[in-house]
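Next up: the structures, one after another.
Look for chain A in each of the two complexes below; its partner is chain B in the first and chain C in the second.
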Partner chain A sequence: MAKQLAFYFDASACTGCKACAMACKDKNNLPVGINWRKVFDYGGGGWIQHPAHPEFMIPNNVFVYSTSTACMHCEKPLCAEACPAKAIFKRDDGVVLIDKDLCIGCRYCEWACPYGAPQFNEELGVMTKCDFCQDYLAQGQNPACVDQCPQRALGFGELDELRQMYGNINAIEPLPSSDISHPAIVITPHKHSQPSGQGTGRIIKLPEV
Partner chain B sequence: MTEKNFLTKALTKTALTRRSFLKWSAALGGTAALAGGLGYGLKAVEAAAEQAANEGKWVPAACWGNCGGRCYNAAYVVDGVVTRQKTDDTHPDSPDFPQQRGCARGRAQRHRVFGADRIKYPMKRAHWEPGGGDKSLRGRDEWVRITWDEALDIVASEIKRISETYGPNSILWGTEAVGAYCGYINTWGSTSSGTWAYTAPRVFGSQSTMGNDRLDMRNSKLIIMWSTDPTVCSAGSPAYHYLLSKRAGAKFIFVDPFYNWSAQVLADEWIPIRPGTDTAMLLAMGYVLISEDDPENNPLIDWDFVNRCTIGFDKNNLPDGADPEDNYKDYVLGLDRRGRVAAEGHKNYPPKTPEWASEICGVPPEKIRSFALEIAQTKPVAFMEGDASARINDAQTMGQAFTAIAALIGSIGVSGGGFGQTRHSAAGNRGPNLISAGSANTVLESLDNLCELRINNNEFWDAVLTGEYTSAVNEKTQVNIQMVYHTKGSHLQTKVGQARGIQAMRKVEFALATDFHMATGCRYSDVVLPVTTMWERDNYITNPNREALFWMNKVVEPLFEAKDDDWIDRQLGLRLGVYDPAVEEISDKQQSFNRIAGATVLAADGKTKETLVTITQEDLDALGVEGTPQTGLIPVMEYFEKGTYQVPRKDGDNFSYIANQAFREDPEANPLRTESGKVELHCRVLAEDIYNLGWSKIRPIPEYIPAKRGYEETFSDWKNKVKGPYPLQMYNKHYWRRSHSEFDNVLPLRELFPQEFNMNPIDAEARGIKDGDMVKITSSEGSSIRRVCLTERIMPGVTNLPHGAWTEFDDELGVDKAGSDNYLEAPVPTVEGHSGFNSQIVQVEKWDGPRLLPDSQWPQRIPIKEV
Partner chain C sequence: MLRELALIAFTILAQMSVGAFLVLGVVKFFVARKAGQEEADRMGDRSLIAIIIVLGLGMLASLWHLGNPLSAPRAVTNFATSWLSREILAGVVFAVLGLLYAVLQWFKLGPIILRNIIGWLAGLVGIVLVLCMAMVYMLPTQPAWNNLATPISFFTTTLLLGVLAMGAAYVANYAYLKKKNPGCADQQCELLRNVLRWIAVVAVILLGIEFVLIPVYLVSLATGSPQAVESAKLIAGPLGLTFLFRMILAFLGAGVFGFFLYQNAQSAGREKVLSYMAYAAFILVFVAEVLGRFIFYSSQVGITL
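Presenting the complex of A and B:
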């Protein structure tokens, strides 16, 4: 029995294709507006005149990498702490779940979560989020996002084992510092990954999803 | 709270069954507002109830986009409706034997099949009359439901009337029945392959024998990715193959206007280059290699290969009758026939130095030089290109210039090497198929198309509007097209010149379209016929790549009144009298079975073909087909259930493919299929064939020709670098939302991929444009509006409008709102008559008009609002 299930994300392999996000939307029938797994392109740098040939513009530290993020099933789940209805609980295996029967849709957890994981479903009137595909796990299968990734950039397992295999990094831009809620995730950084809070870039996207 | 309780209450309680789907869909009001008011095309389902009831079944499901992936999907079917999907899990995943995992589009396939915007029954335009009625209302009219009989009668009678009135050559596109009755005009011209279509067979003998297989590519030390982004353009496995090459130690250099999504994972270095200027850079690289090569102290050129396996490198190796100045070396070095630097005005002037090229391509001269040296000094190097730089006006010789470099640096015919097109399903993994389907054994002969006329892709809309097209050198011919049949291809959306196309659609007397959704062809037609998707048919058999064969059959019964294309054609043909009602083709199911019965797979020796499936009489009965029992590798029913057979691979197996290895070893015994049997750096046939098409005259060597609508034309005064009215280049990257134009209507994909227009912040700032602003993009053809996503990953002076969005022209605003690339694209026939999608010039300005809603919030195109 796992103590803390965690996702593994290999940022060095992620192309930002969003197959994982779509797999999650498909498996969970998420409507437009709700994305339990999200993918962000983060990048920066600029263009400067070539020092010897000013008629040429050249890229100056242009960088981009993508980050796929869902619920972190945090060791210190702030969503559960914030919930006035005690609708959010952490299982013995570390997975954090929302009990829809108890949720009153007040959206406090949405405010509390540093990762934007809990999202309000207007039709249902309750909060929803990544549940680690716990129905698939119960049948010995993998989460939908993990199985979909054409780059094999997603994995999961026991947090301690993942750390032994891949190291301790659990925060990169654009994710927040891991000191806030201690996310259960292990990340292999992209060569351009920047530490949370020290980024020189920005999320590259149109201002919606 | 127990888990079981959580599980059963996790999702909404309404199970989506086929009956309820059909009823619900009929009750769908005019709005797309469904669950959550967000215009989602499907109702939520209760996964828990499905599983608890255990009613559903996983079946293999086709992914039928023309994307080069066509990966494995499976659909969970509950009472005739698909409630969720999954990708390949038919065998454990490993780098050598990878699952055929799909992309976001394939995972959203069920939205195409079951979306609320599915066309349900035949329709005619409310204001249509024979002859067209008010044709200006095409694209703006209401729709009226009609029966199949009514629809087919209308189509048949208009075909008869138009062909009788206007004679042959009056119908554009068609199906077999139309061809057999009166004939229809076909269009022609390379689209995806750009100028490789003519260049590759003549310069190199083939398009398909250029790269090596994916395991061999792990031997590459350096892989050049020139204008290619397999992550997006061949989504699925190819990017993973390249990632494994990287992990095996290959360095990657990308040459591209955009630091693309493959580059972000693979690139050790990015060389930004202006679209359409590749030939200039390639020639300059040749200049560096030739002028700096020293076989003893600094060997840069594979002289052994050049001397034995090419013609045209210098004046000593030219075909009889050739002009001695038409050789690669003298052209590149800028020399005349006496070997002296040519004077200005001479056809070989100027020397193609890095300085000369850099002014055109935007790559600093030192970088051109160091890049050329690096690829010549590293072995083995794979010199790959993804066709984007061939989809440029006038760029006929790009492929020849590219091939010349590949020849010089020794990439051809070696392990870890390879060169040329890395594209579509063969991206990162070339080689003959390891597994192939057999013959369908159809019984009927296809009927010929009575019309032999073909009009080039760059001219056919003008041919409708002006009544003439280019038929030969200096020759135009009249034509009077009065009917357009949009079928089996989204021509009005995916061919250049869409703005003219819309005008043309309002000129002809009759137009009809077949489709699953109200895509562009349907919008501008008089009659719309609903067709079944591949999930509603048997007989989807495809090689997603050389290693696997998919056999996918009906996932669900045809929805509403949708019919197969073949059924439509047959009904039309019976009305036109070209088919014998007493004779029918064998069913799709039988054809499909025949192909599988005849399928073969290579044995481990890499040579012997083995029969794939074992068939018993019980199997024949179970499948309901005719056939004979046979012995093979796997039981046919096992294959039927799984939908895929993939050949396992491993290091050292006999399935490797090193392109042109035998040719390199002995070019006389293993000639290429070129005129000389060798690589033609001087290609007489290419020049002759291009000339005879009637638009261009090119030399037989890779001369640099400035592209029409290319970088040079952004200037009104090139010498003084004064910009003209269209100062920015625009090109059209493939985009994850779509496979060409397919999937554009799928709401979750519209949400994930918002069809942003990309500009560099420098160009935006100069125009007072901020990130997320609405902008108007204007070409000589018209204007589109989009929201801009500023990014440093595109070079200044270049913009990207993702390829394939379905045009949505707003009559009041006078602009296309969808960002349809071909709406802005000018059709310019040059050289081989390919489409220069990536050579376009535009102006961009801030748009102060109404702001667009995000694409995912646009109403779905539901043509008839039922009560």
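Presenting the complex of A and C:
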């Protein structure tokens, strides 16, 4: 098997605090509007009338859980296939990178990616995305998001080893089906996690300060 | 928004020039058999200038949507996997062959058979270009685009704009000929009326294809994936009025004016009316297709986080 670096995400441990997203933003000095790592809160369920007291409502199957996402460094990177300028490439260790000197800023990869990973930097006129903190990796350090998580819900390693340890789940709502691009991600689901494509909930966007 | 305008301009203008080039070739083929090569050239060759200019404007507009326009030439390097690279490559080859044909034809350089081969080759590359344009949008992450409606509608637009643009070009060319040399106009007048009748018939048929395709497409969106349903809601909701205008203008242009064009081309002596009809049909359909392409981009809801 070819080497394939991958993220691990433990949805059962994640509290949705977004420290990972902030660590990423801080480390990579990302401008407003660009977030290489994002956390999505997904929830559903409803309320039913109390059988004896119809004036009261009781919660029914109400659930919410959080999913931390970044570039999945896919085994079949649609962004790299789509890029007309050969600016996106897969490194030997499986990390998908954008060469910003080659990028022409056509934003076609943005349409091709199912995870919203490549994001356009207006100021530079090129696409940018998670590079797995390649400089940290080279120094033997962990990616910023992994180290910052207070719940230890994020990890990384060889995809095969992660799968042996944690199983094969790579698509829970609200992530898209893994058939599209074979993402290099291993997920431990939350107890309420629903498989991709079979969700009954929705992404919940609460206003943030 | 600016980026989408650039893409609308590029796709519409490039498709129009491919369509016009193909129509020019087919008309020329039949006119040459009927009235000789010289009359055929006299009828069509001036429109080559317009076709090249339209294509050039379209390709210029495409640069506008790049974050880094100066490095545009690199966009052809990944033709092994990227349909966008293939599209640009096909566009450049079409432009070069089309320009070569226009120059050879204009100055009557080289044997006619060679010119014709280059012309048909350019037409073939033009068809490949429109196919590549459709494939660019057929991404697994874009349900509103990733279906047969994309190539069918791109080719319908290509041919509809192609025939009506050439209709306008032929009447303009006729007016020019008549002003310059009133004596020569008789045979050209006859040819013009013949061609305009065919153009009207083809335009009405293409309109029919659009009017079947669009409802089928909307139903398939409305019954498709969650993202496709969102696209259908956009077309029915915020884009509804634009959509209605697009349909009405296409019907008026290709249907109503197409019908009158056919009627008025039956007998001689109505060239003035004919030219107004041809211009009006072209302008109305052009606006309709631009609105249609605007809806195409604006109703996109991708599978993405």
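In this text, the second predicted complex is superposed on the first by the 203 of 209 C-alpha atoms of A that agree within 3 Å, B and C clash if a C-alpha of one lies under 4 Å from a C-alpha of the other, contacts with A are read in each partner's own complex, and residues count from 1 in each chain.
Throughout what follows, a contact is a pair of C-beta atoms (placed from the backbone, for glycine too) under 8 Å apart; a residue touches a chain by one contact, two chains touch by 3 or more.
On a predicted model such as this, the values are computed, not experimentally measured, just so you know.
S.K.: Check the residue A:D135 against both partner chains and state whether it touches chain B (first), chain C (second), both, or neither.
M.R.: Once the two structures are laid over each other on A, A:D135 reaches chain B alone.
S.K.: Report for A:I180: first if it touches chain B alone, second if chain C alone, otherwise both or neither.
M.R.: second
S.K.: So, does A:A144 touch the first partner chain B, the second partner chain C, both, or neither?
M.R.: first
S.K.: Could you say whether A:L78 touches chain B, chain C, both of them, or neither, answering first, second, both or neither?
M.R.: second
S.K.: Counting touched residues of chain A, say whether chain B or chain C comes out ahead.
M.R.: B
S.K.: With the two structures laid over each other on chain A, which partner does A:N29 touch: chain B (first), chain C (second), both, or neither?
M.R.: Only chain B; A:N29 stays clear of chain C.
S.K.: Between chain B and chain C, whom does A:P114 touch in the aligned arrangement: first, second, both, or neither?
M.R.: Second partner only, chain C.
S.K.: Considering only the touch criterion stated at the top, classify A:L5 as touching first (chain B), second (chain C), both, or neither.
M.R.: A:L5 contacts neither chain B nor chain C.
S.K.: Touch test for A:L102: chain B only (first), chain C only (second), both, or neither?
M.R.: In the superposed model, A:L102 contacts both chain B and chain C.
S.K.: Figure out whether A:K18 sits in contact with chain B (first) or chain C (second), or with both, or with neither.
M.R.: After superposition on chain A, A:K18 lies in contact with chain B alone.
S.K.: Going by the contact definition given at the top, which residues of chain A touch chain B in one complex and chain C in the other?
M.R.: 102, 121-122, 124
S.K.: Hey, which residues of chain B end up touching chain A in the complex?
M.R.: Of all residues in chain B, those touching chain A are 1, 3, 5-7, 9-12, 35-40, 42, 44-45, 47-48, 51, 71, 83-87, 89, 93, 101-105, 107-108, 110, 231-232, 235-237, 239-240, 243, 259, 261-262, 264-265, 270, 272, 358, 362-366, 736, 747-754, 756, 760-762, 772, 787, 789, 791-793, 795-796, 854, 856-857.
S.K.: Going by the contact rule at the top, pick out the chain A residues touching chain B in the complex.
M.R.: On the chain A side, the touching residues are 12-19, 21-23, 25-33, 35, 43-47, 50, 52-53, 56-59, 62, 64-66, 89, 97, 99-102, 121-124, 131, 134-135, 144, 147-152, 190, 204-209.
S.K.: Touching chain A in the complex: which residues of chain C?
M.R.: The touching residues are 3, 65-69, 71-72, 74-78, 81-85, 88, 136, 139-142, 300, 302-305.
S.K.: Which positions of chain A touch chain C when the two form their complex?
M.R.: Listed in rising order, the residues of chain A that touch chain C are 38, 40, 69, 78, 80-87, 102-108, 111-116, 120-122, 124-127, 174-176, 180.
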